[in-house]
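In the two complexes below, chain A is the common chain; its partner is chain B in one and chain C in the other.
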Partner chain A sequence: MSQSPIQPTVAGWFTDGDEPKLIGTQCRGCGTYFFPKQELFCRNPSCTSTDFDEVELSRTGRIWSYTKHYYAPPEPYITGDEFEPYTIAAVELETEKMVILGQVANGFEPEDLHTGQEMEVVVEKLYEQDGTDYTVWKWKPRAS
Partner chain B sequence: MSDVYVIGIDMIKFGRFPDITVPKLGATAANMALDDAGLTIQDMQALYSGNLGQAAAMVGQRILAEIGQTGVPVVNCANACATGATAFREGWMAIKAGVYDMVLCVGTEQMGKGLLGGGGASKGIPTEGLLGSGTMPAVFAEAGMEHARNYGTSFEQFAKVSVKNHHHSTLNPKAMYQIETPLETVMGAEMIAYPNTKLMCSVNVDGAAAAVICSEEKARELGKMDRAVKVRASVMTSDPFQARNMSMPDVNTCTQLAAKQAYEMAGVGPEEIDLVELHDCFATAEILHYGNLGLGKPEEAGRMIDEGETALGGRVPVNVSGGLLSKGHPLGATGIANIYEVSTHLRGEAGQRQVEGARLGLTHVIGLGSACAIHILEKAQ
Partner chain C sequence: MAKDVAILGVGMHPWGKWGKNFVEYGLKACNDALGDAGLDWQDIEVVAGAETVRNGYAGYVAGATFAEALGWSGARVLTSYAACASGSQAINNARAMILADMADVILVVGADTTPKGFLAPNAGERWADPDWLRFRLMGCTNPTYFALYARRRMDLYGATEEDFAAVKVKNARHGMANPNARYHKEFTQEQVLESPLVADPLRLLEICATSDGAAAVVISSMDYARKRNIDPIRIRAVSTVTPTYPMTSVEMPYFSTDSAAVVAPNEMSFKASIAQAAYEEAGLGPEDMSMAEVYDLSSALELDWYENIGLCPEGDAEKLLRDGETTLGGRVPVNPSGGLACFGEAVPAQAIAQVCELTWQLRGQAGDRQIAGAQAGITANIGLFGHGSSVICST
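After this line comes the complex of A and B, so read on.
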């Protein structure tokens, strides 16, 4: 199978296109949302369900906390040849109220962010390997 | 059920020992603890060994190969930064259960220099791994930022934790560092993840610590009660289910849960604790744990550090050893090293850094945000 020049870093974790969304699961028993996907047993100790629906999660949320990562994390993290410090944010999803971590979109600094700020999911390149761009979801401040 | 007593405990000076094997590091600490108790390996009925880096390599049995293969059962434990405390607690439980009346607990780690990996598994796709947003520096930076937002805690107040703990370790010959780090040095150090600079992150070192623990009857029979330390509480928790935290650990809840259980088990309140060795893996973490352990209200944490309440000589000295920030953090050894520090104060043998009149002390570790262990220790009556 020939490889296209753009690939998600992790297949099946987010959708493509102009309005990308994270893909999670929802428990049919207690309604809890999961990301990454929970597929075998529910993590909620008061729920015995083993049935989950794959769902697209809301693509906006509000910043719970954020920081800037100034050092190159060791393996298994992939940082590329030239490490550039990056901004990260923990964002509480609009509907699911679950906190999802992610890098902040290229070009945004902590100075551009504040808690409670509305963010949206975008997909950007994380690294390049053998001529293929591998992508990941990131958080981007939503244009008001 | 018998009460459990520490009758021998010691640690090697933390440092970098690339030429010494892990079992030799552990064996050295084990022999020091046995010497402290005035006993030998022949007296031990079981060995509980904590080590993370060589979790699959039978470190406990290899320690016995250095100090005496008596044929006793060996249990090897791995539980991230709670590894040493887990080994200690397994020994405690065996004595509580009446299976043994005297055992040896050892915690050992060889870290080397550099930065720790994150929460990634060794195979498969590491959760959060590839994008680098779930690293420990990031998680504790963000948790600190939340504290700052809720209670107005400042970068300077977080930095003062590091100033304090580095100062403490100048009084501790077994700490990795004996150097003062003034506030401007801490705040001006290389930024790792705001608001934690490099001097506000724990130091990766090699180390080992060991404890001989026994039943009350045994301690009395051996005439060891004069220097014995009573284990008033031994508690462990894991990260409880919260629907909002599916992809990141909440670094506060498992400590809050463990603290509540520990105070109940010991039958004491936080206001009765004379000194605390808590898990200052980052300067922000220490500030969070003042509230989590009930040493003060969460909103008071910044004031507590400003007014020296948690410094040696203050209301409730925290990390008088220098803490993970300056004594160093050899993962598998840290839990028992904390118990060594508190025990040394309860015995009145801490020299220059002695917390005067210490009667009750608390130790706390937390492994990857999901394994918390708390021990409350008391000077034997």
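After this line comes the complex of A and C, so read on.
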């Protein structure tokens, strides 16, 4: 069987492989982090830097909150043939101290989650379009 | 402290799904507010419109649209957009003209016709727009955010699904006595808890609908009111603050927060800072409030607001609710109008409608939902992309 080609939904936002990471930027002036990447100006009002380094963010964090969505959202979400409810988690990254939202990895339900739980970044298929599988970052409970 | 301005008149078009042009709703609200103020349209010096982005060009230029609809009179126009906070921005911009002695009397109006279902982002491929990306990359709707806040209340403060349902039951009861509300139906806790899950733990009856509707206020300088021998309800403060960096709370439409790794976050959350700025400007505190109108986009979100506007310490909102303090007849009724639970959201009109309710309550004209001896009240809401909104009015 031939496999569908795989593409990230957004190029340059995350790495792939066994231990994927989100890609953000770090300000050369004050050292703060941004995701999605901030490259034009620093949003810290006490910093005037316009120089940034691209950095991989820590791939684990703790749940700030979570939910499961039971109704099909409007476009531009791509639903496919049949709408499948999905779980979303907001996770605070340990080093960067920022909360990033994402769907939860396939197979995990709200019952498997709790606030404060440790999660890690994985990359999974989000939707299929014109024969290509498009991937995105998702949050997966970290094996203890 | 900013100087007070006077509320001379208020008016609304009932909320609903009427299938008409938003201008028709707005005209009704304008004429009611003018009639309530005892003024003619041609007495008005400025029209301040709250913009709607769902009704084409006429909505983008709301101030001029209503000036034309009422009959070109040469009045100046203002149009304000701040998402759900558009109405209070329009009130504040109008107030600023009065306090700068640029005008004496101004008509503020917001009206909308909204589509059914989830509010969706602008169309097209918008890969740099977080409001578009949140839908494309994860299917993050507005109820997703309401659900994240609700779940966090459950995990942190022991809120229960019964508490969230109880907010809906309370507001539905309040709205029964409001002729401008869209829904006039009482619910039991069981009925709320039997409605389908939309975004766990929130259910269909706990998430506000989108509605058509319109609200208008006529405001003036205190001198203008005195010359007409009116002892008006006063606007004591309008807060339109933005967040401070780093913004660490999860807010629509963002799917990430600022980083707190380098700069420590403000001890006060953005939502708490909105009301705090209003209290400071008014020279009043939460203990002075007889009532509040807050943005209950979901039943659980109303509980967050209790804390954000200082009615109780963080984590105590459920107790306030369970003790009946925020129900009509309690110490500080919240959403005596019935709130968004009974109205559904008509974006540019909603923050103005909150001020209409304060005005009726403070004048003692709120009929069967009247709060005895109401002296002062606060409104609170938040507009997409960092728009704080809070208005304090008093007798």
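Simple rule for what comes next: the second predicted complex is superposed on the first by the 140 of 144 C-alpha atoms of A that agree within 3 Å, B and C clash if a C-alpha of one lies under 4 Å from a C-alpha of the other, contacts with A are read in each partner's own complex, and residues count from 1 in each chain.
Just so it is clear, contacts are C-beta pairs under 8 Å (C-beta built on N, C-alpha and C of every residue); 3 or more make two chains touch, one makes a residue touch a chain.
All values reported here derive from a predicted model rather than from experimental measurement.
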Task: Considering only touches as defined above, state whether A:T32 meets chain B (first), chain C (second), both or neither.
output: both
Given the touch rule stated above, what does A:V99 touch, chain B (first), chain C (second), both, or neither?
-> both
Looking at A:R142 after the superposition, I want to know if it touches chain B, chain C, both of them or none. Which is it: first, second, both, neither?
neither
Note to self: So in the superposed three-chain picture, is A:T9 touching just chain B, just chain C, both, or none of them (first/second/both/neither)?
What the structure shows: both
Footprint intersection on chain A (chain B / chain C) at 9-10, 32-36, 43-45, 64-71, 73-78, 86, 88, 90, 97-103, 110, 115, 126, 136
Given the complex, residues on chain A that touch chain C span 9-10, 30-36, 43-46, 64-71, 73-78, 86, 88, 90, 95-103, 110, 114-116, 126, 136
Residue positions on chain A within touch of chain B in the complex are 9-10, 32-36, 38, 43-45, 64-71, 73-79, 86, 88, 90, 92, 97-103, 110, 115, 126, 136-138
Per the touch rule above, chain C residues touching chain A in the complex are 117-118, 120-121, 123, 125-127, 130, 132-141, 143-144, 147-152, 155-156, 196-202, 245-246, 248, 250, 255-263
The residues of chain B that touch chain A in their complex are 114-118, 120, 125-135, 137-138, 141-143, 145-146, 149, 190-195, 241, 243-248
